[in-house]
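Both complexes below contain chain A, partnered by chain B and then by chain C.
Up next is the complex of A and B:
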């Protein structure tokens, strides 16, 4: 069985990429937070860029930065996880349908609205004709892409370097609709206050985090991806047991985990899943959070993966991501746990090299 | 330059998201596809929609499209002769 190393990383979010080093935490008053703008023209041709929605721009820009970080020109496979896909073009297209009364429609937004546009545009830009797959599995979209990468590594398919990422964007109307079914908070909440919120719903944002997973360790390697588990349904009272069972498949117990990164998003209805692990299984473990930095979206666990990769390489853990007072100077293993609306639970285990 | 030429250039810039481009940067006889403005096949679809929406002209023959969309001049000539609105 081949091992998988994280050999390159990149992320775009509402926070700057050096947030763990500088501690420059940006505060937002809105419940829908856009990602920070980047100099996309520095890496993407203007004629390609003009048609791209944020998800495509972020995904392609991150992919190219990840390749640079890993010092590679071409991946052997591209796997993208996106829960809501290209929401902006979907909204644009549907608005045009209404305006034109289902008459003549502009084709570009329709062509660009499919979920696999991000993966397709990465392939077109890189001229990469290798395996290209997009996973749309709600909040385990990124975990599904990781699972594919692990399966390919384990089957000795010859795939050496796999570009894996998670990306989701916000759009003006469609993201706002999520307030109607209680996904988005009704009252304005500052992102830095999110973890202490006691009301239903969360705040939404757009993020893209991409990784080069290679079968060979390099000088630039950040960590090793050990395993991924997807649990579609679980109850609060048995999430601890399900987590222990996952660790047992690796001959580990909870005491072998140095840091647990949890997806607390301030939703009073579903944060108890995290509280269950915080108070019991990982009560003596350093607990970190990240959604008060970047909010919620269907592939935001990729941002947690980005944080974990950086911590395992650089050993820097700023206080503003800590959920408890424990310390860990040299973490060896990090477990990421995320769920959304009490469903689609994802567990990702990384370890130090 | 006629009003139609300017109007066409403005519509093309807006419809095709040519964000950094100004009306005076597009020459009337410059090829729209290939080496000129560098438009592609998706843009051709957008131009077909633009012709029908703004001028009531339906293009059904692909060969005809190739000639019509050669430049701003050829588009303007064709619109003048065939517009229904």
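Up next is the complex of A and C:
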């Protein structure tokens, strides 16, 4: 069985990429927070850039930075997870179609509305004819892509370097609908206060995080991806047992986990899933959170994967991402647990090299 | 190469509400393409492959509660899986059975219906989440009590072919013992107007691989198959095996296929390699063959590159059902399984004359022949090309 190493990483989010080193935590006072602007022109032709939605821009830029970080020109497979896909172009075409009452329409936004536009544009830019897949399963979209990568690494001898990422964008009407659906907080909440708010809903954001997963360890390797688990439906009282069962498949118990990264998003209705693990299975484990940095979206667990990769390589853990007072001087194994609206639970296990 | 066992199938499309009707239509050359009757659009003259169930008939059939959150594609999906379970006699499917569904637009029919209504009216807001493909799969999973591995692939028109491929990988790796794979897509204004704006909808019945082909007809369908590890098949009949699969990217254009059919050629080559067979072992190809100028030429060149002078008998069944987008790969997987069962190839309807560039002739009449291996192609926007190989269970 081939092992899979994290050999390159890149992330775009509302926080800068040096947040763990500098401790420079940005504060936002809005329930929809944008990703930081990047010098997209440095990597993407301006002509192309003008037509790209945020998801495509962020996904392509991150992919190219990940390749640079891993010192590779071409991946052997591309797998993208996006819970909501290309919302901006979907919304554009939808509005135009409804406004024109099915009259004359430009096809541009329709062409770019498919969920696999990000994956397709990465392939097009890199001229990469390799395997190209897009998963869209709410909060386990990125986990689905990771699982595919693990299976391919184990079965396809020619697949050595796999580009895997998670990306999601917001758009005015569709994200507005989520607000109407009660997924966003009604009152304005500062991101840094998010985890302690006691109301329903969360704050939404745009993020992209991409990784090069390779079957060979390199000088640049961050960590090893051990395994991933997807559970669609679980009860709060069972989530500890399901987590233990996953660890058992790796012959591990909860005491072998040095850090758990949890997806607490301040939604009083569903954070009890995390509290259950915090208070029981991982009561004696260092617990970290990240959604008070970068908000919530369907592929934001890829940001947790980015944090885990950084910590396992660089070992810098600022206090503001800690959920408890414990310390861990030499983390060996990190478990990521995330869910959204009480469903689509994902577990990801990484370990130090 | 033994491959992954297929032990169940369920389908609904414009040519049949169950397997028997589907099979009868295929054999008698009966197309489901007509003017829309249920689907509401200004373009009521555009021909489509519509399923003759209204949403309320589907609600009744599925016994849904008044305040359900099923979009049409979700209902069609549940309907097809219900058929699958009846056909396999698996009434109570174990809750650890996985499901991987492919869909291009999921429940966007609900979004286009309520887009201007959501801000005003609280009643329909329960459909806000229904837009997303993953939600559709989740609702289907919940309907059948599936609680474990639930995932969705959305790669436009190759979505459900990719779901079958991922499902086969999950069984091969031992991650799952049993998984329902396939896909569902319904007619929506969003897609109809999208393809219309691209000017690739035919005003006539589509004519795949014909010199005078002038575009595609859209259709709606849901089709799912059951994949099982050999040690849990029990006394269920093995309908065929997934022995080969391959996905490659054309890396040419967001929507158009390359002239030399690079992505298609690579996908076919990978599938052959995975199945461990030579190109001459393929007895029949169920082509993607949408009926557009671009696809059919590109796919024909890919055939020539992959098979040389000995291109096996092939046909596109899109003139029966229309292009059912994300569901097409699973629909055609089931057509292929019926072909394996009946040792019969179904015709490429409406074909008159071969393309000047290639002169290739598809099968135009139902034809009895010995079939062991079938190649099925599905290509989608974003350059996504997938080939599957189904083998007769020996």
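Here, the second predicted complex is superposed on the first by the 351 of 353 C-alpha atoms of A that agree within 3 Å, B and C clash if a C-alpha of one lies under 4 Å from a C-alpha of the other, contacts with A are read in each partner's own complex, and residues count from 1 in each chain.
One rule holds for everything that comes next: a residue touches a chain if its C-beta (ideal position, glycine included) is under 8 Å from a C-beta of that chain, and two chains touch if they have at least 3 such contacts.
In this text, all values refer to a predicted model and were calculated from it rather than measured experimentally.
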| item | value |
| --- | --- |
| Three-chain arrangement built on chain A, chain B and chain C clash or fit | fit |
| Partner chain in contact with A:114 - chain B first, chain C second, else both or neither | second |
| Partner chain in contact with A:344 - chain B first, chain C second, else both or neither | second |
| Chain B versus chain C as contact partner of A:105, first or second or both or neither | both |
| Touching partner for A:66 - first (chain B), second (chain C), both, neither | neither |
| Touching partner for A:123 - first (chain B), second (chain C), both, neither | second |
| Chain touching more of chain A, residue-wise (chain B, chain C) | C |
| Partner chain in contact with A:53 - chain B first, chain C second, else both or neither | neither |
| Where chain B and chain C come nearest after superposition, their Cα distance in Å | 7 |
| Contacts on chain A seen with chain B and repeated with chain C across the two complexes | 104-107, 111 |
| Complex contact set, residues of chain B against chain A | 15-20, 38, 40, 42, 45-46, 49, 52-53 |
| Complex contacts: residues of chain C adjacent to chain A | 41-43, 104, 108, 111-112, 115-116, 118-119, 125, 128-129, 131-135, 137-138, 141-142, 146-156, 162, 166, 169-170, 172-173, 175, 189-190, 193-194, 196-198, 247-255, 262-263, 266, 380-384 |
| Chain A to chain B touching residues, read off their complex | 46-47, 50-51, 104-108, 111 |
| Residues of chain A touching chain C in the complex | 78, 83-85, 90, 93-95, 97-98, 101-107, 110-117, 119-121, 123-124, 126-138, 140-141, 144, 147-148, 151-152, 154-155, 173-174, 176-178, 180-181, 230-234, 343-344 |
